[in-house]
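A, B, C and D label the chains in the order they appear, each numbered from 1.
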């Protein structure tokens, strides 16, 4: 089968490889329907890389497909099921796994980054990494389950209630998804901020009531004008704006830190957090959130179609990655065999 | 001015009385724009009454208006402001007031039930019972702030998240508002249940994805079919269905008890609450929720227009009360001077 | 080895059986140090039984021991470790397992009730059911980890804060442990209630500031006198007292339903839950709580010694069970080979 | 009466002034029993000041006394009651007061800092600022209610559960009180850190299981050794150690920021908060916490006596302030007339 392999630093190679076979009684074999490209994929393929990965593996951690074979012990899915893939694998025996916060597992790994993933026609994964989803959900929507699961994890932590005013910093895929989920959660005013007008236009379709480009307007002033007291919730989907979140949020409000940039190390006036009695919450990937994501997708309460800007065939993935790099795409669908 | 006075058991009298005057430096005088009729108003006027009230007072606790005069110490509003009224008054010094849960104040009272209210042209109330609201919010929407505040108090306790499946028992004004607020909070499937098809039709406009009449269908079976595991949240807006909520809710789910019927005393299998690890939450009126309600109304995220089924003049209020009694109305708007 | 087998209805048989062997790479073999007898064990052995169990299995789900052999894939413990046993096994693929509340797993089972347990010299269990604990914790204390885990699960749900007034109904092992944990959590007044003065005396050692026998005093009156407004938290460790909890708890307070009695079906005035804005919470067994229990045991913040009233050898277990039945014991330690 | 007046920058003057009289129907007159000196008092009296205050007022915001006269509308206390004083006054009509988080009131003020306080024989304050407390609580304990209320506000936000491992940075009065309250809340290991061995010795009496002086030991290494995974909770009672809290806390843990230093502006690796999924919480003063503090004091579950290191007469307050400045005291009791 054709597969896209992370060969070495900066290099993704399209190659014919053998179709993988089930090796243990707990595995399932998936015929990949569609995959998508994540921002991390771009970071993996940068030179030097800004996200680690294991050379030699089939890349791609956002994908869905149909079960074509199951191991003897598999009980959660059967042949013919449409499934979404949770690409994260955890050890089960570290302190964090044992206390139920396996998303911070000491031995965390990811299918499609450190093990063979989904930019290929077939993929074999542990059965506990697949979840059945109705075929009524379009494949291109279902494939967004993985990034959406991270957003649901974060959203749950801030528990937005109807009428809350929310600022979302960054309108990449994560910012767009947060805009959509916060809208669905009943946010009153949703102010999405980005440097790119292209992305801001998309944010409107995602549900933003206001969009702002900080190179053109004074975000702090405008947020103050709209909310009067500051935002109830501020979400950093960039990774370097912690200091700004503290200024935008109202007293007693909540800040969610989503974006990840290893180099971010800005001065923070901790006294403001104390005096304003702010709560700041980190959120990382997801744990147990796939069943919730499936409920959301099956109930069709988001506007995910609007995020799909491009479609490509696996054989043209290099072109697609260039488009991503240029910031001219939100989500690109990759079809293994089209 | 014309006013509707709760004269004695079962008797509401329309009477000309003097326009009330500000009596303390902390009061404000309101020119009533519009009032509405609450289910409790009907209970107060029943013979025998099923809700207490003080004979001789001007009835009406759901109303809004314009500030026409303020006492010397009033700082939160000024003459000309459109305001909504919080009809509940609390003592400030009981254990519950001191611990910040003044909605269970030991000395709780209500304007329009135990003190002069808003079925009249003018009303004088303490300044802390009024909240400014934008004139962009239509008066007929703003007047729903009071019942909505109770719904927001309850909704906050269950923290519905996008995708959650919610069952709402009862589609009176409270059930309708809960349907709307749960929809706004992102509920996936919203199943509203009532004995009246008239009310169920309204529930659809309020956002129910499914409506059910228990005299015609097997609610438990259907809820199970739709949700597979039971509802994430069940809300009793009737007041006598605690036992049914326990059966409808999934393991680990939440039950909100909103409806109030002093006679309800059904057997409850407490072991089910334990084994299913259910959380059951009572909710009563509101505390500090008006600013949140105002954010919701100003952001216009609900479909409150659909609840207004009738309009009347204060002089025809007896007719309106009859319509309410027949169950042929959701919300009736009462204009003091039209 | 000698083992105590649940033979058939009402019958526990002491029998020599083969020492069990590890059958999969994920299992560990334990040399049992000490076991204890749970109230459920008595229910299993009643005629007719009031708790189900599988005939033919070695009974005993509260036990600890030393690892003497491990399967090839075992990573969390090694030979020589002292371990406590989590007797519950879950399926991993039902809705509840997938959403992280595996304590309500649809396919829940229990070692020592439905599979071979610990009233024997050796036991083979899945490695994920064992947790290493320091040998500094006395064996007789460590063996209480299992019932304690249930109490920690429940206590976490009510989040008692220093100064809270707590009523505990029932002073069996569960009531005693709740008394100890609530004391550790800083409860101000702890009122423990039981029919037996013997158990109430033990409750004092467990930390109760007040003990009450409802056959001798008016519990409601006294709780009101002590707390002035009602208890902040009421815990039913009997299983039939839901109605009483509603009366004892203050407005805005919390009720925890721990006791389980399939026949309990008392009338509940749901309107009181609504008007008093009470939260009622069910709690069942535990999930991910063993690491927390281990922290508690290793920090030695409870007074668990006081609960150990009897010690016996496995060969004398019939005598011990009689003592339990008579209500003349709190916790009985069973030594397999002494 | 003799009173200590904040005259001007750096200057506290002892002066005879008229005994104050009740000026409104909502006020009460207190005969001061005992006052204490807060760290803020020292900051107010520094030159230049590091805490603002209004020149000309009687200083002292930590004090208790007996009610000797009440206004006509006062209902919460009566003449002869022992009362503690909540020195904070709020406006009641700003957004934060209206939403129930009056501790961040836009118009916050403090008795004893911006209005006449308690370093005097008598004090007149609004009735809602006094709370009755049993005379069984020693006066010197009751006077600690105000700082304790801040600690209870903060502790409630982190909801420490029995067995949790807690690090407290700073062992001034706030660090000592947090050590005591965390101990009462059941903390397993309590590691208190300070630069002064004098204060660390006191921390032991307050309940610390470990004390550490960062000038002598490697705190991070030791915390790691004791907790294995990092602390469940880290509390900054210094005000400049946000970066250190992030390193000490375990993944999924909580950080409470208590200390306040307007100049603190250290670089923070926000990515650590995200990846470790940490929650950081600010806490400021208190709201509605006095009734809870009274329950704690009346139940006598702390070891507050150990914090009282000095006693003085009001006329010798200058000497006491010098002692505070030298860091040779935890809490100094000031008697107005002794």
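Throughout what follows, a contact is a pair of C-beta atoms (placed from the backbone, for glycine too) under 8 Å apart; a residue touches a chain by one contact, two chains touch by 3 or more.
These numbers were taken from a predicted model, which means no experiment stands behind them.
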Requested in this report: Indicate the lowest number of steps between subunit B and subunit D, counting one step per move to a touching chain.
Outcome: 1
Requested in this report: Report same or different for the subunit A and subunit B interface, where same means the shared residue numbers exceed half of all residue numbers found there.
Outcome: same
Requested in this report: Would you mind pulling out the distance in Å between where the CA atoms of subunit A average out and where those of subunit B do?
Outcome: 40
Report task. Take the average of all CA coordinates in subunit A, do the same for subunit D, and state the distance between these two points in whole angstrom. Result -> 43
Query raised in the report: Can you list the residues of subunit A that touch 2 or more other chains?
Result: 95, 99, 292
Report summary line: In the complex, the residues of subunit B that touch subunit C are 95-96, 99, 101, 103-104, 228-229, 236, 239-240, 242, 251-252, 257-262, 264-284
**Report entry** subunit C residues touching subunit D - in the complex, by the definition given at the top
**Finding:** 152, 155-156, 159, 161-165, 181, 184-186, 188-189, 209, 292-293, 295-296, 298-299, 301-302
**Report entry** Residue ranges of subunit A in contact with subunit C within the complex
**Finding:** 75-76, 91-93, 95, 98-100, 127-128, 131, 287-288, 290-292
